[in-house]
Amino acid sequence: MADSKKAKQNHEEENPFEEMIKRLDVAAKIMKLDSEVYEIMKKPSKLVYCSMPVKMDNDKTKVFEGFRVVHSTALGPSKGGVRYSTYVNENEVMALAAWMTFKCAVADIPYGGAKGGITCDPSTMSKGELERLTRAYTNAMVDVFGVDKDIPAPDMNTGPQEMAWIVDEYSKLKGGFTPGVVTGKPIHLGGSLGRSEATGRGVMTATMEAMAKMGLNPAKCRAAVQGFGNVGSITAKHYEAKGLKIVAISDHTAAFYNPDGIDIEKAIKYRNSNKGVIKGFKGGKLISNEELLTLNVDVLAPCAMENQITDENAGKIKAKLIVEGANVPNY
Amino acid sequence: MADSKKAKQNHEEENPFEEMIKRLDVAAKIMKLDSEVYEIMKKPSKLVYCSMPVKMDNDKTKVFEGFRVVHSTALGPSKGGVRYSTYVNENEVMALAAWMTFKCAVADIPYGGAKGGITCDPSTMSKGELERLTRAYTNAMVDVFGVDKDIPAPDMNTGPQEMAWIVDEYSKLKGGFTPGVVTGKPIHLGGSLGRSEATGRGVMTATMEAMAKMGLNPAKCRAAVQGFGNVGSITAKHYEAKGLKIVAISDHTAAFYNPDGIDIEKAIKYRNSNKGVIKGFKGGKLISNEELLTLNVDVLAPCAMENQITDENAGKIKAKLIVEGANVPNY
Amino acid sequence: MADSKKAKQNHEEENPFEEMIKRLDVAAKIMKLDSEVYEIMKKPSKLVYCSMPVKMDNDKTKVFEGFRVVHSTALGPSKGGVRYSTYVNENEVMALAAWMTFKCAVADIPYGGAKGGITCDPSTMSKGELERLTRAYTNAMVDVFGVDKDIPAPDMNTGPQEMAWIVDEYSKLKGGFTPGVVTGKPIHLGGSLGRSEATGRGVMTATMEAMAKMGLNPAKCRAAVQGFGNVGSITAKHYEAKGLKIVAISDHTAAFYNPDGIDIEKAIKYRNSNKGVIKGFKGGKLISNEELLTLNVDVLAPCAMENQITDENAGKIKAKLIVEGANVPNY
Amino acid sequence: MADSKKAKQNHEEENPFEEMIKRLDVAAKIMKLDSEVYEIMKKPSKLVYCSMPVKMDNDKTKVFEGFRVVHSTALGPSKGGVRYSTYVNENEVMALAAWMTFKCAVADIPYGGAKGGITCDPSTMSKGELERLTRAYTNAMVDVFGVDKDIPAPDMNTGPQEMAWIVDEYSKLKGGFTPGVVTGKPIHLGGSLGRSEATGRGVMTATMEAMAKMGLNPAKCRAAVQGFGNVGSITAKHYEAKGLKIVAISDHTAAFYNPDGIDIEKAIKYRNSNKGVIKGFKGGKLISNEELLTLNVDVLAPCAMENQITDENAGKIKAKLIVEGANVPNY
Amino acid sequence: MADSKKAKQNHEEENPFEEMIKRLDVAAKIMKLDSEVYEIMKKPSKLVYCSMPVKMDNDKTKVFEGFRVVHSTALGPSKGGVRYSTYVNENEVMALAAWMTFKCAVADIPYGGAKGGITCDPSTMSKGELERLTRAYTNAMVDVFGVDKDIPAPDMNTGPQEMAWIVDEYSKLKGGFTPGVVTGKPIHLGGSLGRSEATGRGVMTATMEAMAKMGLNPAKCRAAVQGFGNVGSITAKHYEAKGLKIVAISDHTAAFYNPDGIDIEKAIKYRNSNKGVIKGFKGGKLISNEELLTLNVDVLAPCAMENQITDENAGKIKAKLIVEGANVPNY
Amino acid sequence: MADSKKAKQNHEEENPFEEMIKRLDVAAKIMKLDSEVYEIMKKPSKLVYCSMPVKMDNDKTKVFEGFRVVHSTALGPSKGGVRYSTYVNENEVMALAAWMTFKCAVADIPYGGAKGGITCDPSTMSKGELERLTRAYTNAMVDVFGVDKDIPAPDMNTGPQEMAWIVDEYSKLKGGFTPGVVTGKPIHLGGSLGRSEATGRGVMTATMEAMAKMGLNPAKCRAAVQGFGNVGSITAKHYEAKGLKIVAISDHTAAFYNPDGIDIEKAIKYRNSNKGVIKGFKGGKLISNEELLTLNVDVLAPCAMENQITDENAGKIKAKLIVEGANVPNY
């Protein structure tokens, strides 16, 4: 599949910060946003860049670059994920931080928006290297982070382990155990029960609310779910539990269609025993990802990367309801 | 004169950070710099960007952007000026911070390199607006600055008044009088005697050392000094005291040539009574800035903006000795 | 009405601190208070006075005086309002802080007593001037205030806006969002729901408890409420909801009597559309404030300024139950 | 002698703060002080009052009252003594703090003015009681004092021992040895050599400067010194060394006159062996303190309490030069 | 009774730390504990010893020795009691701290293990001496203790009063009221309701759970309880309430047997009126402590000192169920 | 040579803390030390033990034990070295810390005494392992160390590199460059010029002073120096410069005798090119270490390990003057 190549292309061709500004402009016009407030919203409150020399396992020092953007703390301490990826750059992080501000505000929770990241390819790094990099990043951002200032969370390629390293390093630097400095930490460090399923459950909840408004009966509807990671697979599981028939699933290795409904539990088991991917799954017919998006379904849930629906394919989508699961805020 | 337009052009056309890297590459090759150290030197240790909403005198809020770059603290707390200018941008500040690292290291003083700035046009702002902006900048950078971390100083369009505001705001935020957080503050706040003349005196000292090595007798040499601000006029004054004949001076409003020597004290008096510029001075013949650079002199001291000697005019310069006064580190 | 003149007179003629001591003496004798404890209770633990130069809108600097008195922290961090008034002085603030200690102790909540104030006339000041004054006061008191030390609250002429300024300035000085440093802040900064109605509801609750003990049936009782600000009007509304007939209300502009009962909802609407005062209200006959206090009612609730019941009028009061709403602690 | 009674009277009858304002008014008029600056100078920047329950040796708790006034920190951290006396009150401390501001400014040293005190009679207290009181005072003032904020010093009835207690308690509260928080501490804690003689030496220096201006030859002049404590006896010793003939000395127990000159070394030895007072000294004729002030001498140095020269006795003074040693700032 | 002599002997003869290691070795073998983790568990993370000069009531200074051991903070801030006893030594405190780690981990609460103590005989000290000693200990351990670091609690010979002194001293040193730094503080300082009964209630709960598993009916069972302090008497009271017949009780002064059941309420009343001991109680026949341990009962609850069941007496014990109440963690 | 075995034996057989107490007892008796002060001096003020899990190069975790003892801070912040050795234990560190107190006091410098160490064999560890161990130790001791609390220094097997790691880690934990937290750091981090030669120069200075008192002429005297590390070789070099003839030198690998004088410069050069030892040096005749100590010389300087002069060999020593260079305080 060309998914990752496409994603890279997207990263190269687009400026996510300018994209954000464009949509903010539309919203500002509709809501007649005060021009002074608008000027404040357009720019991140703070951006911190750091370079981090890290000793690699081969005893050579490699210099990584990291970012943390606090877009706004007007409603409370800022929240937002930290992602590890070769695509991480200033514009992306600035855009995502702004989106976090808007999402927290729309959800009316007392937090501002932030986002961070390190430009690296974690798939090529050892656990020791990732630990040293994460600790270096925490050192560089020790004055940015804080229970009452800015609270990181897992994001692309980071999870409970990275958060645990941040807690440990931050606590060392501050002289006391401070688990509240991140969310998404391991349960035994004070993490929240239910967090790992939270995004998928949220997609389901939003879907149910929308279907009720639209007068759609879940028991009579068919759904396609793009992406089968933490968000997509949980979404599919919850859809199924609500009576929806899941006729298509996909990940970056394969997409499957089954008009009689895919057995999600089986698919999850297969993935878990197959290095985390569904390639080779026998519960449906192989289709392309593009076909999945344009299937004749009632509900389409894109739960992979952002920007999957484009000018090109938008007109071909047949779903009555699209519920975006890819760009959900990491809190 | 087209000086300021030219400067603007320079700012737009060049990437000062890439220029810095080019020269670093040359030096690294010559000194066979370890490749890991080189990778560390290439990137600033830290960059902090902030946006600052400031209430203007017309009661409107305007959002300014500020930067602070700490290039290296390997040899001690970082030092470097804060400039206020419409040209201030990330690349310029990153480049200047690196230069500060190199200069402190070459001078063997126990400091690292930093630089900061605010994108603004101070000539259009009231004192109250400048104070509020400076205090907002200090607030944004309170975790970057510190007696044992990073110490700002005056730079383009900033001086003792701005430093006093920084001391006052920083002291308020830290809960105790902390004059050591900046250099270049007013004398009665603990500033150093002799600081205002220091750069010009340094240009003269460097010139004398070089002339001694070259076997040049000051009493028999002629000099041209470009720029008649704090650096240029003091340089000229000290040259004169050492016996050099100053045959040309200039600023962004005019340039003058006098083969019998310009009376520097008179020129300074004229400038002080003429809104700070020498336009209209009667002590020499009006020439162009370009002519000044290519005069038949022994010593040429460019003490205005950086990058005055270019591929185009380098070949035409006749001075035996060029002593750069424009790019001297602000400490 | 001569209410405000009278209040001023009270302020001038009496020493509220000595008044407090007199009543403390009576209580100490009754409860056989240990003499060493008594000596400690007589004096405030701490008083901080500050003078604050504030830039006014006319660009002149005016010097204001502020106070904060912590009477006792024996039971926990001290609590108490901050008032803005020309009558604010050392003795008043010391007395009110002591009352806060006693009230918190009687209510058995884990707080000590404090009170603060600024000598100023907020009615003559712009919002900008009030903000700068409040921020100056917060700066001066930054070492007194604290979530675990002393927690201000709104009081005479201060409210959620002033508390928001205190939170913002205090958070800036402490380097992290600290909404817990005050109570009475705006809801979206973490303020408590129901706070604005709390004092009036408390007056009602106390009244109901007392009436039950006295065997009085609310449905058969008549009440007069002095004061129609936040305390008085809410008290009246809640009395009405409990079945009491409100036969008289007043504020500093007028007092009304209606033997058939005053429609409180109408009175509140009238006030809201009449610059906050009830002068001109048509729901009752105009009487004097003095007459209101001596009406033939079952319940009298003085909810205006303190010290309304005096040696002179005490003998003429006919109410069976007086519930004081004026001197209720501000938390 | 009625000295102490007189002093008490002075304390009761006068308001030293108003006295200070009167003299400030005169000075402000002469120097055409800007009215806004004048308003700032009139009021202390900060006053902190505390009540301190202290366990006495009889196991009873006694409540003491303490003060610290910071008049101004415009020129640097504030400096000023802490006095222990039954006369200590708000007005006195506010006045003395202002005088410290003026004195530091006139001497052009980078410090502001402060003063503190505790209302107590140290002559009736044990060393243990004084230690507990001093530590309680340090606790109450821990947020006021600071190397870069406000620096206490010995004053009436306090000395190196009290300063050592302050250093110890302050260091404990701050978590590190902080001898710089006071001046006037014992030498082995970092105190300055020569401090105990400094005031007396200063009186002598001022006298010599004035005599030189007046054309008076020390070797031909006679002096009377009022007070024989740390200031007076050192002044007399230094006068003698400069050639002046000391014809009269006094303390609160006696005054002596000797036209042939008093042997100061003998007087000091006598005092040291006589419980610190000169009563019974044989080196001169017993006179009254009033007589001492009006002797026919060239130089009169009042080195006892303030305000010894009054409307009544001023006209009778015959000295050509009066050098005030009583009101010299304690730094 | 020879109980205390025996205890002393135990203290002298055994090394409690080596005892702990022996049991850890057994457990490590059974659970196949990773050898690197085992090495970490074997040693306390930190031990702090301090010597404390304390002024005694006779005005002499006596030097006491104190300890605080933090065994592990892997699961959260460490918890553990502070004991005052002449037997307190490094080995004991290290052993008890380790036990706290294991107990918290087994109970799955987010705390690590610690323990502290002072070598002293509190029975010979006045309240003032104990207060000064406790405050000195708090000063010495101020960097060890902390809400998010290490939290002391009452233990042998310490209780709410000592915890209150720790809170007061710690709050003074940290500059704010910090009741969370200890547990077991007085209720009015924020202590937990029900704490004083908690250990005894826990023994009962554990007993009930075990009896249910063993198929024992409480109403038909007989119990002996060794120790009648806070743990033993509360255990006995709760046993009685659950239907068990308490046939024997004891403390270090006496042991009693009554086959018809001892009236626990009476025994508690007797103890309360008899200086805290049961010697002389008339509700049973006097037996030896050794006899109590080997009575023919269903349940034996040793609630006195640790290590009562030994190689010697273990074989003679007839109880079906032994529930250890002596070594329960102090939290 | 059996030197190191002997040293080990010494470590095992003796309790250096008890040795210190014995000598303190003698001194206390001679100076009639107040018994309360004596009790305070006998015990260290504070001892901190830590266990440190460190990741070794083979990826296994090894647990090391470290100590820091602060004996006294009565005269100022404590000073004392940190040693890395398998012999490091509580008793040794407690003894050495006490010696530091006495030495600083005798030298009348405003410092107290401390000492620390890690039980490890640095000769078997890689630089990376030593760095990780040193950083772990700094973390464990972060609340003990401090510019105004306790200041480590190099000691046995530690030097500028270890101090640099401490500075770096401590600065990271404190959030600012803090080179003052150790002495003995590298020059470019702020270390003192001349420090590496200081101990040897001190031995020479003490020798010269003693010889002057004894009337010995250096030019006519012969010396033997035991030990040829930093102390011994520098001592020998300075002795030579003062005219002494050095007839014997040694280290743990060999001892040499040359009645005509050993050329110290040659010996140093040989050692530098011979892995740091003098074995194989040709400038003298091979003798045993025991012979060196009992040579017929004027001056004997034992500059190797402590306790070289014993009951056994003391009687055989022929030197007129013994100057101990082994036990000199590390500051």
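Worth a mention:
Should a chain be cited, it is by its letter among A, B, C, D, E and F, assigned in written order, with residues numbered from 1 in that chain.
Assume contacts are C-beta pairs under 8 Å (C-beta built on N, C-alpha and C of every residue); 3 or more make two chains touch, one makes a residue touch a chain.
Because the structure is predicted, anything quoted here is derived from the model rather than measured.
Shared contact partners of chain A and chain C, listed by label, are B, E. Counting hops only between chains that touch, chain C reaches chain F in a minimum of 2.
By the document's definition of touch, common neighbours of chain A and chain E comprise C, F.
When the interfaces A-B and D-E are ranked by how many C-beta pairs touch across them, A-B comes first.
Of the chain pairs listed in A-E, E-F or A-B, the one whose interface repeats that of A-C (more than half of its contact pairs identical by residue number) is A-E. For this pair, chain B with chain C, the centres built from the Cα atoms lie 59 Å apart.
Annotation: 70 Å between the Cα-based centres of chain B and chain E. Inter-chain centre distance (chain D to chain F, centres taken as mean C-alpha positions): 50 Å. One inter-chain figure worth recording: chain C and chain D are separated by 45 Å, centre to centre, where each centre is the mean of the chain's CA atoms.
In chain F, the residues that touch at least two other chains are 143, 175. For chain E in complex with chain A, the residues that touch the partner chain are 73, 75-77, 110, 146-149.
Those residues of chain C lying in contact with chain D across their complex are 36, 39-40, 42-51, 53, 60-63, 65, 140, 143-144.
Against chain E, the residues of chain A that register as touching in their complex are 171, 175-178, 188, 190. On the side of chain A, the complex with chain F involves touching residues 139, 142-143, 172-173, 175.
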